[in-house]
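Per-chain residue numbering starts at 1, and chain names A, B and C are given in the order in which the chains are listed.
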Amino acid sequence: MTSFHVPHLTSSILSPPPALCFDGVTFNHEDKVLLGPCTFTLEGIGPTLVMGPNGAGKSLLLRLAHGLLPPTQGQVTWSGELCPRQAMVFQQPVLLRRSAVANLIHALAVNNVPRRARTKLAHDALERFGLNACSNTPARVLSGGEQQRLALARAWVLSPQVLFLDEPTSALDPAAIKAVEAAVREFHQRGTRIVMTTHDLHQARRLAGDVLFLSGGKVREHTPADVFFDKPVSREAQAFIAGELVE
Amino acid sequence: MENNAFYVALSLLLNFDTALFQIVALSLQVSLLAVLIAAVLGFPLGAAVALWRFPGRGGMIVVLNALMGLPPVVAGLMVYLLLSRAGPLGDWGLLFTPGAMVLAQVVLVLPILAALSRQKVEELLGEYREQFVSLGMSRSRMMPTLLWDARFALLTILLAGFGRASAEVGAVMMVGGNIEGVTRVMTTSIVLETGKGNLPLALGLGIVLLTLVMLINAGVYLVGELTRRRVG
Amino acid sequence: MKKTLNLLLASVTSMGLSFGAYAEDYITLASTTSTENSGLFASILPKFEDATGIEVRVVAVGTGQAFEIARRGDADSLLVHDTTGEKRFVENGFASERADVMYNDFVVIGPASDPANISEAQTAAEAFAAIANAEATFASRGDDSGTNRAELRLWKNAGVDPDGDWYRELGSGMGPTLNTAAAMDAYVMSDRATWVAFGNRQNLELLFEGDKVLFNQYGSLRLSEAKHPHLKHEMAAKWHSWLLSEDGQQAIADFKVDGQQLFFPNAQ
């Protein structure tokens, strides 16, 4: 990608990520079980689409996987010794009150990328996501779609082995959705493991390698995408695909 | 005409009286330096209280908030007792010097800067927290990012601090002594002239002080607005 | 803390503030507002500085606070007007020597209409008794200053215990007390110097003066070397003896406001 010698940023194809293991994970809020117990393993690079109706616990599962929340019970572990490099893109992108390029430079700085390499990496990423025209624009005056692409570019410069996306397109118009999906494919092609939540069946069909289906805080099904969409195993998934209201 | 405070203020400014210039310069130096020192200490302190959870944190917030209302004369008395020859720092010989006035104003301004920046940083942290954790940032790494992103609010807070410093008289009177040519500032001059019954001159000085403070506020506001428009 | 303060020192110095602590040729004099506000110091200090090269920095406060500043070792010399208090200060070992320097006098001020008719009084005691009898509003400093103490002695001489709605204790300095008296048309006792230099008289006039009991003696004190060895005793001694010298006494006599002499040198 670049001629800079930045150890984890030099190769265009990333080393395969370790598997993510949920072992009896639950998450409670004031004695109420919101998620789990969940036990599953995510191997390969997906993309894994976490699906299910609203309130099924998709966002919670993502936050537990990314380490933003500690599980009440059980363990979230990665196979292998080291925790992989990860990034997350939120439904509402959280951008700093500075220019687009400064947002990327900040992310590089906190990840200890040498100062002289930062600007080039940041501009490369902006260009890749079609944002080079607004590199000096304050991040928070960008359109919703541009903001989400900037959040993706910020994830990109960190070369994550695992990328979590939490409903990244739910607030966007079709053109912006298309751009985000294209970005997700780029990450996938670079070898980044994708774990993404969506409640949009069509989007899932377009992107999914495998599907983790949740309802009522429990994992109902974890199957390859073609199986999930053609012959879902669980009753809840069948109903969801058929367009019925599922709790 | 000479009894009209606005006329007095205008002629003070137009004649560019050297004694007045000295007093104005000292006022600005003391208050600006005090605010600068208070900012260097107070903003990180406010951010630290926002970021870390420790025993006594709630009490500390209450104390900081309460100290925003510390009467200047009490701050002056504390610094006086500290710097007095009979006090713990008496050997420094700072009493009745501009340095003592700076110290007293730091005591007054620091709680304002710390308490208000704590509130602002905590608000911002609520918005940024997940993203920060996702980026793997430690709390101490979050501090500079939060302070920078809160910069426009901090600028306003800084102005509030400067307002308090430049407006107070009790503390500088007590630790400075209002010595002519050495520690006489705008507010102590106003008290002195009021005591002499020179009310138009006192009010004229007040108008000069107010004009200065307004100019500084306008300048900071303009710079802030221009940058805000550019940076968002 | 020390580091911060050192930084503070460095920055203040770099900003070009004159840092008293490091300039050597000056002394700090604790004195009363009457001497400062009347302009006496502005008149005589340059003469002393010309003669000796020593700058005198005046911290003008109430007599009580001036004693306190000197007691804590925060001033090199003391010039106040409370003879009783000054003598006690020497007895208690805080000062090594006290000398009469000059006097001015107190005057009784009041509304031009003079409802208590004190301008007809022969003595200060009569004037004060007349105010009490008429229950005319009287503004008292009420701050335990030298002037306040003198005023309370005068009430005692007049056989009056000042109490009631007409007697207002303000807890303020001389200037603010005069401002308040002007606003409420009250009688008030002032030192002559502050009154002559006072600019906000409104309806007030000088109504009674001249009784010997109204004389207001100022004394200069040399502070104790034993209690406060760090003070600039040598320069303070020069100041003390200059005040008592012919030159100093002449300088005091030469100070006039509107052609009127305000302080009368009387060093022994």
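The rule is short, and it goes like this: a residue touches a chain if its C-beta (ideal position, glycine included) is under 8 Å from a C-beta of that chain, and two chains touch if they have at least 3 such contacts.
Fair warning: this is a prediction, and the values are worked out from it, not measured in the lab.
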item	value
Chain C reached from chain A - shortest hop count over touching chains	2
Reference chain B; chain at largest CA-centroid distance	A
Distance-to-centre winner among chains (Cα means, whole assembly as reference)	B
Two chains joined by the most C-beta pairs in contact, as defined above	B-C
Centre-of-Cα separation between chain C and chain A, whole angstrom	79
Distance between chain centroids, defined by C-alpha means - chain A, chain B (Å)	46
Rounded Å distance between chain B and chain C, as computed from the means of their C-alpha atoms	33
Sequence positions of chain C contacting 2 or more other chains	none
In the complex with chain C, residue positions of chain B that touch it	26, 29-30, 33, 36-37, 41, 84-87, 89-90, 92-99, 102-103, 106, 177-180, 182, 192, 194-199, 201
Touching residues (chain side chain B, partner chain A) in the complex	127-128, 130-131, 133-137, 141, 145, 148-149, 230-232
Residues of chain C that touch chain B when the two form their complex	4-5, 7-9, 11-12, 15-21, 28, 33, 37, 42, 57-61, 72-74, 173-176, 178-179, 182, 194, 197-201, 228, 230
Residue ranges of chain A in contact with chain B within the complex	63, 66-68, 86-88, 90, 94, 96-99, 106-107, 110-111, 137-141, 158
